[in-house]
């Protein structure tokens, strides 16, 4: 139980911050938003070694499903869950096709899905096309920022527990093995296809739900607002920054990232992405093991908390 | 009908050849060092801005600014290679270069935004139109096409008639064997990357001719999908593959909106890129080597 | 009883035919040595047996069942495990974790708990002599350690048939002796059948029950070690010269 101290500390900190003021509430909202999508990405990228540049698409799918159901009169919370389920289903369909591709080809393909899905929605005039769906009429009165933030908190806790369980489960071991050496893993009994597909589906579940939360917050679902390559970038950055393949990594990463982003906005407005871009290059060249890796090497006593 | 076909063919080939030229760099870099250069889109954008500033500050038209773009692209390419790319080539994680070039691209786009704002700019270079009864085409397009051909011929000469070119082809084929034969692989890789980036810059400058007012820091994203489709369809390791892929996409972009125009309830211009994405997936699954394959 | 049978295997890579109509039987509980000059197709044969390559023609039959179309991970769960000539550990995993992977996915797939797997892994690592390094990342092992890890990992899958690809290469003489002892113990204690690709003549002649010789994708000889040693064709392949081979064999 002691080894979960790091997690508990961070969550308590976030809860306290969220109650401090509405400004802090907003920050905590973004931290948790990023935490959930990064932790999800960690499953396929950190454990499985597959860099899904198209991760942002899952959020968009969840947002659209949420919007379409809410407009039909369905309860918003059920709609969020439905968003997650549909997102996973789509992940399954995309996955069986795309997961055969190795390394760079997988990256090219997934990166291309982000603009492709946008073009599909606009071009096929799906769900309102470029104009999207507005939700003011349906949700206007129900909006409560505290509630959305605490939903994200709950989601974050759930995905973290899930990730902890995966990392010590047969699935986790198999994923890590296929990440290290795909062919050797196969000859040692790992059903790589099955593992990759399961990991992909799991990585899409929570972003789908979070898409619903996002839609609830912004009230207007359209391709530009809910399918944003920036989230893919941020999720990859946070996983790398925190420590790819560890469970506490994305959590630390999300906090550090958002804090940094806020500081940068205050002193160097408009330069955040530039600095973060360079930061990623630096991380991947110099400290690919991330913050968790660095801490583990320097402070041996912290090792049991950095799982 | 005949008129339509001619129109589609001519515009498809002309525009497709620029697409192909713009993508050649991507194929070349992959062929030489197995790196997918996700910064490619920003190189295109930088090339476009080069053409813009050359126009605004010196009065050079985009075609005249090609040597400038090429030089800039080359120098920046060498710079980026030695500072970032080289050390990552040996990293155990094959994704290092991917993530690094992607992040660098993001950083460059933001840098451009900071320097030059996100306002749309354009190079309104127009020389009139050639008209032949029912057929018309802007003269600038014709010049662009001719320049493309010339540049492609120059690239051919570089790759096949110079020592540098031969060492590039040797390294593409087998870098170990090349090293044993006395080829300075590191220098070759650097020059290969620089050549690739120079080509991207040139491509960016030429694309400006087709976009009178579309230059902005994020324009690279528009070409991201296009370039990947072109590169993969043509054959990633093969610079000529980019030309084939470019022509395929160029023609597709002319034909598809017409055909889709008959389909009710869709937006042909937006659905066409999605079709190209489908082609990308199909090619990746069925013939990942592309039409022309790796070697050259 | 024949455990594994390879029937008329042909494998081509572009213009090169790596295996030309190779047939081989491996009997239960034997150590079969597979020798031959570099490039003769030994590793290719192992890749065909494990399912990494699909043969252009021919069949692979395990315990009487045709497994030619079965994927590699299923063949492992049926009882076929292998080591790699150039060691390929799961670099960022510890030695213990490496072995746990194959235990969880090998013959006991789905039937073993995490605690049992961990215990079994520790046992295997103990047997193989790597206990000191069990929590170290496998990329930090030296050459001998890596070779042992290859074997430990293969053992984790609890195979009936182990295919060892040059597991002695790069070891010092005393390390070789230790490794040979480990292999003998694997055969006698765990009743595992072994196919051993090896270049070290004295080692493979010493330890094998039978030997098969490949040359340029063709099996040119098969039999007991003494017979192979006196075989003129084999000697010619190694010496490259028929006169010299005759002189060698006459002695």
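Going by the order they are written in, the chains are A, B and C; count residues from 1 in each one.
Following the convention adopted for this analysis, a contact is a pair of C-beta atoms (placed from the backbone, for glycine too) under 8 Å apart; a residue touches a chain by one contact, two chains touch by 3 or more.
Being a predicted model, the structure only gives us computed values, none of them experimental.
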Tell me which chain's centre, taken as the mean of its C-alpha atoms, is farthest from chain B.
-> C
Busiest chain-chain interface by contact pairs, anyone?
-> A-B
Most central chain by CA mean?
-> A
Round to the nearest whole Å and give the separation of the Cα centres of chain A and chain B.
-> 32
Which whole number of Å gives the spacing of the CA centres of chain B and chain C?
-> 48
Whole-Å gap separating chain A and chain C, where each centre is the average of the chain's CA atoms = 43
Considering chain C alone, which of its residues make contact with at least two other chains?
-> 91
Among the residues of chain A, which ones contact at least 2 other chains?
-> none
Listed in rising order, the residues of chain C that touch chain A in the complex are 50-52, 71-73, 75-77, 81-82, 84, 88-93, 97, 100-102, 104-106, 109, 114, 153-154, 156-157
Mind pulling up the chain B residues that touch chain A in the complex?
-> 30, 34, 36, 38, 84, 87-88, 91, 93-96, 98-100, 102-111, 113-114, 221, 224-225, 228-229, 232, 265-274, 277, 280-281, 284-285, 288
Which residues, counting only chain A, touch chain B once they are in their complex?
-> 49, 51, 53, 97-98, 100-101, 103-105, 107-109, 111-113, 115-116, 119-120, 122-125, 129-130, 229, 233, 236-237, 240, 270-281, 284-285, 288
Chain A contacts chain C in the complex at 168-170, 173-174, 176-177, 180-181, 183-192, 245
